[in-house]
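Look for chain A in each of the two complexes below; its partner is chain B in the first and chain C in the second.
Here is the complex of A and B:
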């Protein structure tokens, strides 16, 4: 029998680290490219005549659509293999997580498959996104009460 | 004086690999062994609507190919032992449902190939009536990814120690020779087996299954040579299932220290199936189809043509579930051994 510490030492010795510099550089370039595309879209929507808030919203929607489209066409995972966090962090990562799960679970039915599993991967983002939204709302509300002096 | 061996079972029956077949998908065809596969489907779909059914169909194709090579039909098979990576081994049950042969389903994670051959030969050793048996092992990348990891089209960066589950199947037909006049004298032989132990892999990292399984492989090899009178130099190869680069490096370190000489004849199916320079396999191939298809496409032909004479073959299994990993449980490894020899 081998000692656990001996095993852990061997695993540590032979497991390759992630290539931080390469990964970060690629993530920066791909993520930057997506954000640049977003900026261009923003300019386009503003040019068409949408106000700042609507243009921002349209950019988000457009990027989600593009992320979903590229996922459905089967390229997203091939790009993400190199880009890593570059495609994961922008809203494209969220679109991919939802679309890929929907594509996968289609074989188990529209309700019992897609319906049940679509947020399998993206679920935590939605749950904790909403929860932190609520928390932020409470803090903000209390803060405004204090500011108005009506809290005490 | 007969030496009493507790762990190793030396088969008294003359059991031969009378036929075998390897079937794979797109990546397997692109790999260095691709030419030697009996059939491969570049779509990975095998004409089916779901990945799960594709795995079933792939197994069926592999078994039928192996049977056709020896002009055998389903009714010639007395017993069928099969396993796969899907929940409840359903790929085998569905794929083989039409065969009408007594069936034993086995699950040994990626050690299923050796486990099924070991189980089948134990059955054949115990009953003279069993003349011909079949063993089948399948794994499908897309079915396994869905079940164990992320959706197929999910875009993420995999760890460098991660492995690529192969879309591959290996089918083996074992036949008993009784007497000198029996056919199949030119076929490779399974002459001994040893079940593996459940060995702690000392990690809960699902991206490093090769590393976790290396210790099970090491313990099995050390056990085998401490009980058997043979030495590593009696063998052409010690073949592990799917340790990949990380697991192979760990195993070699252990062997160098505890069984010097053995590390030089070690080779790993997970490193043979893909060209890791051009294929995105990271540490190597995994999945129970890996060792099954490499055995059927590479090692058995070498044994049959007497280019090599004796190998120890141990598929390595990572015993875990998605739940056990999320609950922080370590991955446990297992590595049953079979001894394969060329025809006399």
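Here is the complex of A and C:
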């Protein structure tokens, strides 16, 4: 009796888990590979002679270009089916969200279609990123005032 | 051989962030869009508490290529704008620092939407 319920529990636990393990492993490999590609690009841009700030920006822009292009060519979803969060969490995922929303809404017009829906995923990301930044800015500003002794 | 020592930590850390995100997607009902929002806010937080910079020095693109890097850029931009311009920096810093990424994504998204007619579904 106890054994069967234990077995049931075990089966219940393991069936989805093997899928989870597979998904997570693939996400790990793809995510790691994209970051490694980013690092290699960073090395390349530094080697060419850009400073670290510009190289970092160029890496982001390059990966956004790559993500957008792969999306436009229609390969992104096929890759994302396996890679999951591996292609979502890097900036490629952001580029994919922007590009695919824009492409999907093209038929709805330039303003109410692309213009509105291009922000479907980018909007929340930008909004909450900026809001977090403002919150940090307020805290940091108050902190600098206290540091200078001009707050109280 | 040196390059492997540089790239391995990048691979492992970048992979780890994706791994954790995938775990959340599989085990909870959280949508990809929420993961992106959360990752950006996490980046701002990590920068604000001073954890991002040391992690970046160790893992480079492993933490800057995921959207945590986007969030950290916002945090860094706000901080240096406040240092430079005072209170107005709270309003100008974030978007200035993230402008290249946002503009590139919007520009390319728009151009590709005009050029390519194939329908592509969001994942």
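Convention: the second predicted complex is superposed on the first by the 134 of 152 C-alpha atoms of A that agree within 3 Å, B and C clash if a C-alpha of one lies under 4 Å from a C-alpha of the other, contacts with A are read in each partner's own complex, and residues count from 1 in each chain.
Please note the rule applied: a contact is a pair of C-beta atoms (placed from the backbone, for glycine too) under 8 Å apart; a residue touches a chain by one contact, two chains touch by 3 or more.
Since we're looking at a predicted model, the values are computed, not measured.
Participant: Which partner reaches more residues of chain A, chain B or chain C?
Facilitator: C
Participant: Looking at the overlay, does A:121 come into contact with chain B only (first), chain C only (second), both, or neither?
Facilitator: The answer is both, since A:121 touches chain B and chain C.
Participant: In the superposed arrangement, which partner chain does A:20 touch: chain B (first), chain C (second), both, or neither?
Facilitator: A:20 sits against chain C, while chain B stays out of touch.
Participant: Taking the superposition as given, does A:129 touch the first partner, chain B, the second, chain C, both, or neither?
Facilitator: Touch partner of A:129: chain C, not chain B.
Participant: Could you tell me if A:71 is touching chain B, chain C, both of them or neither one (first, second, both, neither)?
Facilitator: Both: A:71 reaches chain B and chain C.
Participant: Check the residue A:97 against both partner chains and state whether it touches chain B (first), chain C (second), both, or neither.
Facilitator: Both partners, chain B and chain C.
Participant: Mind working out whether A:80 is in touch with chain B, chain C, both or neither, as first, second, both or neither?
Facilitator: both
Participant: Of the residues on chain A, which ones does chain B touch that chain C also touches?
Facilitator: Touching chain B in the first complex and chain C in the second, residues 16, 19, 23, 71-72, 74, 76-77, 80-81, 84-85, 88, 93, 96-97, 99-101, 103-105, 121 of chain A appear in both lists.
Participant: Quick check on the complex: what are the chain C residues that touch chain A?
Facilitator: For this pair, the touching residues of chain C are 6-7, 10-19, 21-27, 32-33, 35-37, 39-41, 43-45, 47-48, 60-62, 64-67, 69-71, 74-75, 77-79, 81-83, 86-87, 89-91, 93-95, 98, 100-102, 104-106, 108-110, 112-123.
Participant: For the complex, give me every residue of chain A touching chain B.
Facilitator: 1-2, 4, 7-8, 10-11, 13-19, 23, 71-72, 74, 76-77, 79-85, 87-88, 93, 96-97, 99-101, 103-105, 107, 120-121
Participant: Per the contact definition, I'd like the list of chain B residues that touch chain A in the complex.
Facilitator: Those residues of chain B that touch chain A are 49-52, 146, 150-161, 200-203, 208, 211-212, 214-215, 218-219, 246, 249-250, 253-254, 280.
Participant: Please name which positions on chain A make contact with chain C in the complex.
Facilitator: 16, 19-20, 23-36, 38-40, 42, 56-57, 59-61, 63-65, 68-69, 71-74, 76-77, 80-81, 84-86, 88-91, 93-106, 114, 118, 121-122, 124-126, 128-130, 132-134, 136-141, 144
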